[in-house]
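Order of writing sets the labels: A, B, C and D. Residues in every chain begin at 1.
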Amino acid sequence: MRELGIGLIGAGYMGKAHTLALRTVDATFGTALRPTCASIATSTAEGAAEHAARWGWQDSTGDWRELVDNPAVQAVIIATPPRTHRDMVMACIAARKPVFCEKPLGCNPAESLAMTEAIEHAGLPNMVGFNYIRTPASQLARQIIASGDIGDVIQITAEHVEDYLHDPALPASWRTRIATGTEAGALGDVAPHIVNACLRLVGPVESLVADAHVVQSTRLGPNGPETVENDDQGQMLLRFANGASGSLSFSRMAAGRKMGYTYRVTGTRGALAFDQEDQNALWLYDATRPVERRGFQKIVMGPAHPDYLAFNQGVGHGTGYNEQIVIEMRDFLEAIATGKAIWPTFRDGYEVDRIIAAALRSNAERRWVTIGEVA
Amino acid sequence: MRELGIGLIGAGYMGKAHTLALRTVDATFGTALRPTCASIATSTAEGAAEHAARWGWQDSTGDWRELVDNPAVQAVIIATPPRTHRDMVMACIAARKPVFCEKPLGCNPAESLAMTEAIEHAGLPNMVGFNYIRTPASQLARQIIASGDIGDVIQITAEHVEDYLHDPALPASWRTRIATGTEAGALGDVAPHIVNACLRLVGPVESLVADAHVVQSTRLGPNGPETVENDDQGQMLLRFANGASGSLSFSRMAAGRKMGYTYRVTGTRGALAFDQEDQNALWLYDATRPVERRGFQKIVMGPAHPDYLAFNQGVGHGTGYNEQIVIEMRDFLEAIATGKAIWPTFRDGYEVDRIIAAALRSNAERRWVTIGEVA
Amino acid sequence: MRELGIGLIGAGYMGKAHTLALRTVDATFGTALRPTCASIATSTAEGAAEHAARWGWQDSTGDWRELVDNPAVQAVIIATPPRTHRDMVMACIAARKPVFCEKPLGCNPAESLAMTEAIEHAGLPNMVGFNYIRTPASQLARQIIASGDIGDVIQITAEHVEDYLHDPALPASWRTRIATGTEAGALGDVAPHIVNACLRLVGPVESLVADAHVVQSTRLGPNGPETVENDDQGQMLLRFANGASGSLSFSRMAAGRKMGYTYRVTGTRGALAFDQEDQNALWLYDATRPVERRGFQKIVMGPAHPDYLAFNQGVGHGTGYNEQIVIEMRDFLEAIATGKAIWPTFRDGYEVDRIIAAALRSNAERRWVTIGEVA
Amino acid sequence: MRELGIGLIGAGYMGKAHTLALRTVDATFGTALRPTCASIATSTAEGAAEHAARWGWQDSTGDWRELVDNPAVQAVIIATPPRTHRDMVMACIAARKPVFCEKPLGCNPAESLAMTEAIEHAGLPNMVGFNYIRTPASQLARQIIASGDIGDVIQITAEHVEDYLHDPALPASWRTRIATGTEAGALGDVAPHIVNACLRLVGPVESLVADAHVVQSTRLGPNGPETVENDDQGQMLLRFANGASGSLSFSRMAAGRKMGYTYRVTGTRGALAFDQEDQNALWLYDATRPVERRGFQKIVMGPAHPDYLAFNQGVGHGTGYNEQIVIEMRDFLEAIATGKAIWPTFRDGYEVDRIIAAALRSNAERRWVTIGEVA
């Protein structure tokens, strides 16, 4: 295996997940490239140094531009809040380094499009972090749909609802402020994942109507109560290019739902259902079986399913959140090794961001919006 | 107990359910009135006579007007297709007989309003057949919400989806034709039940946007392929007067969902979830418990829950569809015995019909519609 | 339909269930015989009269022998505690009346055998009340096994566990006393149902080893604390004549399990699983499907399944506890109408009682017991 | 962090799992010791070299004794079939190296006791690989029991059933032969895990009665059909020192169950239930809540639960099989760093092996066996 020096920007939630993934991806999958932990950057030099020591990074810096320009860094992972993504991506492109960027790609479609066009023009490998759709079960869902086994898709009921801000005592953060987060609250934070799933499982969206609103209007900030500037929850109706329709809910206040990323896809010959809280199972309904033997079937993931065997040999032994990131890293390394674009690229991230933007506009103007209206 | 002669119009699906309910309601609940099966009417005299013999009705007729005027009939149950409801109800009012009418009350809000105003003016007991919301579990849901235990309701995700017309080989019927059914397909057939649940659990709806469409455009009729005239599936977004929002799906082609009447109600202090396919359980989430001990709790129905003990003494022994109709009959008899209106009256049926009409308009005009726009 | 006068002894839990069933069985199934509620007997004349009035019985008595001899009574249902069964059954035989007797048939196999031989000798229709195995789902389980679809049965894991005596504050009753109940506590009260299921689904038992014990050693009686005389919980290992093995648990103190009558039957080609708390579903695993599409399938009961359509036309609309009793009554009436023995007869009840007795002996003597040892 | 050179024997199923765990354990938990992958041994030098290259081990060998004596190896992980464990352990002790040994510790209690006494006498850190009980959910189960929240334990229903040998076409292997595996088949392969859980959750076992048998009597070996020498499935009854009772099933032919490691623990104040196929949830029943609000509560694992936060920050995001091994490695490193024995040590492995041996004897002699009978 050839080694590849990785630079990581961000040492929060996702920074740790990527660190763990980088350490096992080669042994897990026998990748052509073996990543090394070349350098890590966070907001401060001390923080970065501390994380480097704890997580085994060879170098660290409080200035992400330094990391990008570090010759030991041959590819970059961006795991910082959305507001910072554009500048970082552009610097990587200037330094001609492949980029993996956490979702959402940009803070709005214009940003995302600029990044996408720049990186495509530069011909650099790129990827955006939609990890949930990469579980063995969701990969199987896509395979089954592609196989025609549930026929033509006619409907999807989807949601990504969690309750991480349900408690009114939770403070304001970058997530609740437009200047640091995005105009879209739950819509910008959780919805991109499930929008991505809809695109992947059903196909392009033609139009939508959305409704989103704040529930908890103020939260405690460093200087007292602060207005929550973006939506806590909402839902939208979707119309797809292939004629299917659907609904999609998103929330950060859905009491009791911890990882409520779910979908039920109905086709002319059957249906599929999935709930991320039980990520090792996919439910399949085959409408062509004899009527007295029909029912949703709980398929528990195992070595016969996509990307499972590399993790373990036992059916039902189970994979978790971190293994999704390992799969992501495998693909990123492969895109670099082969020079071939691997889904989901920045362009896929841009398509998701257009739908989020369309939903914001639909909500503001209280009307159906076609995706074509949004650049 | 005083006896009360009942007349039943319709001997189909619901005609049988009401017959069974009438035979046990008094012994089950010890009602003040003991119903007798006075007369049954269907489309033909022979059919009516046959059902009378099989089901134990004292008299029968092929002319429902005769039944309404029969002095032995002291109250009427209408279990015929929607197109026939108005005339039957009006005749009952003229004959001054209390009426129980299956859902949907009318084929449109104008019809429903006319019936409602006429029967209220006549001062006659009246009820409409929203049975699902009467299970012990759904009654408990309402109690819990009313108690404040889940706080203020902020969102509802609801659906009534089945697959009874999923198979394209199924023929056309009154359900797929406007002249005999209604303009609303799944929207008119299954959605009223779950719209009713939303009103009951969350409160009045202020506005909505709906999307509905035909999937299977033709079905075999008696004279060859026939156009399906009303929607097979769809979904809507709801805004409630109290600020809560929600989504609601309806379908007659939801492969694999047999009795997919479900709701999840989120409040500021917790949440509730229910699935009619598992009608003996209600799921409750209490967000005020210690964080490491929080989770949806599956409450299995038993004697401690509403209207359960009369059916049996064992927790988890379970009630089914027919017991919902028994509860309905108990309330209808009580409304007659006491002269007090018992939910859901015709007016409640009218409110549901307004929402269905608003959804039809929203779908046709591709825009948000306020319920106030619909008479 | 020909009418048949029924006499019911007992107006408790099961007395009510049988009353409700008798009132609807003819309309539900179109039975050849239409039962009439001829006479009801309880411990006291007043109690009987009151129940007769409330439940619509034509006659009543405080002396069950009078009921048995009443010429209007053409068949008898016994729904009283086990200690009373033998005398009542013997009197019915003397009066040449068909008998339906609640489980357990006798208080020990000797009693049960005496009743069985007497009624078989008299040539009278007879049946014992194992209702759980009559749900559409459990009937389907038997059909699937019989069809060979899961191959040869190799194992069963079964239980009937409830928590009706979990609370130590619950008082002593006939259930906790040997003189009025039986030597077997949970073993005599709940285990017979699931033993019956094992016999029905797997076949004859050859030997067993059991362990049962009291958990709550005293409970409050009318004169202060009283010793609990029979087991609260236990479990046994089973060996079947066909070589299969299994385990069976029983409890009246299984906190949280309300109707924990469950089984998982494994065969050489697949498996089945059932939980009575979700009585409208049967889970089927087909080991012959492609490995990547295997999984337990949740079959929701509907008109395509045994004895469902008579109750209602909608898949997943659901039946409950009381409908099991209706199915039982349908079979009892049919056994009378045709003179043909219908499962489960007294002999089936006797076979269950032998297994309970073998379990008692196994527990007392701490050893494996073959069923052949028990008369 | 101080580095610690690890030697791994075995590069199969568990060899890979341990490799992945060693690579992330320090970054995940911030352990005092940072393990390095010093040397790997398998049956052949080529195989070992190949795995070393693929998995990033610094050195490799076809002779495990060489690995044990390698000074760069400061601690050893044994992940080879049970027949090899004793010699390897004894050599490690001679070389004074801490040992982690996969389950089952020995092939019989005599072997296990010898290893246990030797390593205790040498004063070396030691651990045995019972990983399942280390999920956040099973750790929480133990915490809840210890807290007294479900009262005194009165019963456990437990199983470890899988279907990895259900297909009769699967060949013979070390698992089906006594000379290479153990006398216990499923009893030796899967049962140790769930026996360990019973000990951990309920306490010491006093006596048991077991039944185990072969279902598929021959399987294809390299030279044609070969007799299967140990059990395919079975079950046992358990009596615990604290008076509780239980049942425990084990199988390698349980069609449809993929990771059927489950338990339900009943106490005097509540109950717990767990199913490894849904390893991120624990079900808790609190019998002290108001009767109308009681039910099993599905607690989804998150940062508030044991050993979760180190893996990820999101509730319900989920951990999988491999994370159990990471937790194991964390504890093994800590035992080495601190010199303190950490559960489960060899002695715990020995206690499990005694119960397996008691079950074998009970099965052979068809009688109850007290654990005290087994050295």
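Keep in mind that, in the parts below, a residue touches a chain if its C-beta (ideal position, glycine included) is under 8 Å from a C-beta of that chain, and two chains touch if they have at least 3 such contacts.
In UniProt terms the chains read A, B, C, D = Putative dehydrogenase.
Quick caveat: nothing in here was measured; it's all calculated off a predicted structure.
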Between A-C and C-D, the pair with more C-beta contacts: C-D
Chain at maximum distance from subunit A (Putative dehydrogenase), centres defined as averaged CA atoms: C
CA centroid of subunit A (Putative dehydrogenase) to CA centroid of subunit D (Putative dehydrogenase), Å: 35
Approximate Å spacing (C-alpha centroids) for the pair subunit C (Putative dehydrogenase), subunit D (Putative dehydrogenase): 41
Separation of mean Cα positions, subunit C (Putative dehydrogenase) and subunit A (Putative dehydrogenase) [Å, integer]: 54
Junction residues of subunit B (Putative dehydrogenase) - those touching two or more other chains: 257, 281, 294-296, 300, 302
Subunit C (Putative dehydrogenase) - residues contacting subunit A (Putative dehydrogenase), complex: 140, 281, 284, 291-300, 302, 304-305
Touching residues (chain side subunit D (Putative dehydrogenase), partner subunit A (Putative dehydrogenase)) in the complex: 1, 13, 16-17, 19-20, 23-24, 26-28, 30, 34, 53-56, 162, 164, 257-260, 276-281, 300, 302, 311-323
Subunit D (Putative dehydrogenase) - residues contacting subunit C (Putative dehydrogenase), complex: 150, 154-155, 157, 159, 163, 166-168, 209-211, 213, 215, 233-237, 239, 243, 245-247, 249, 251, 253-257, 266-271, 273, 285, 287, 294-296, 366-368
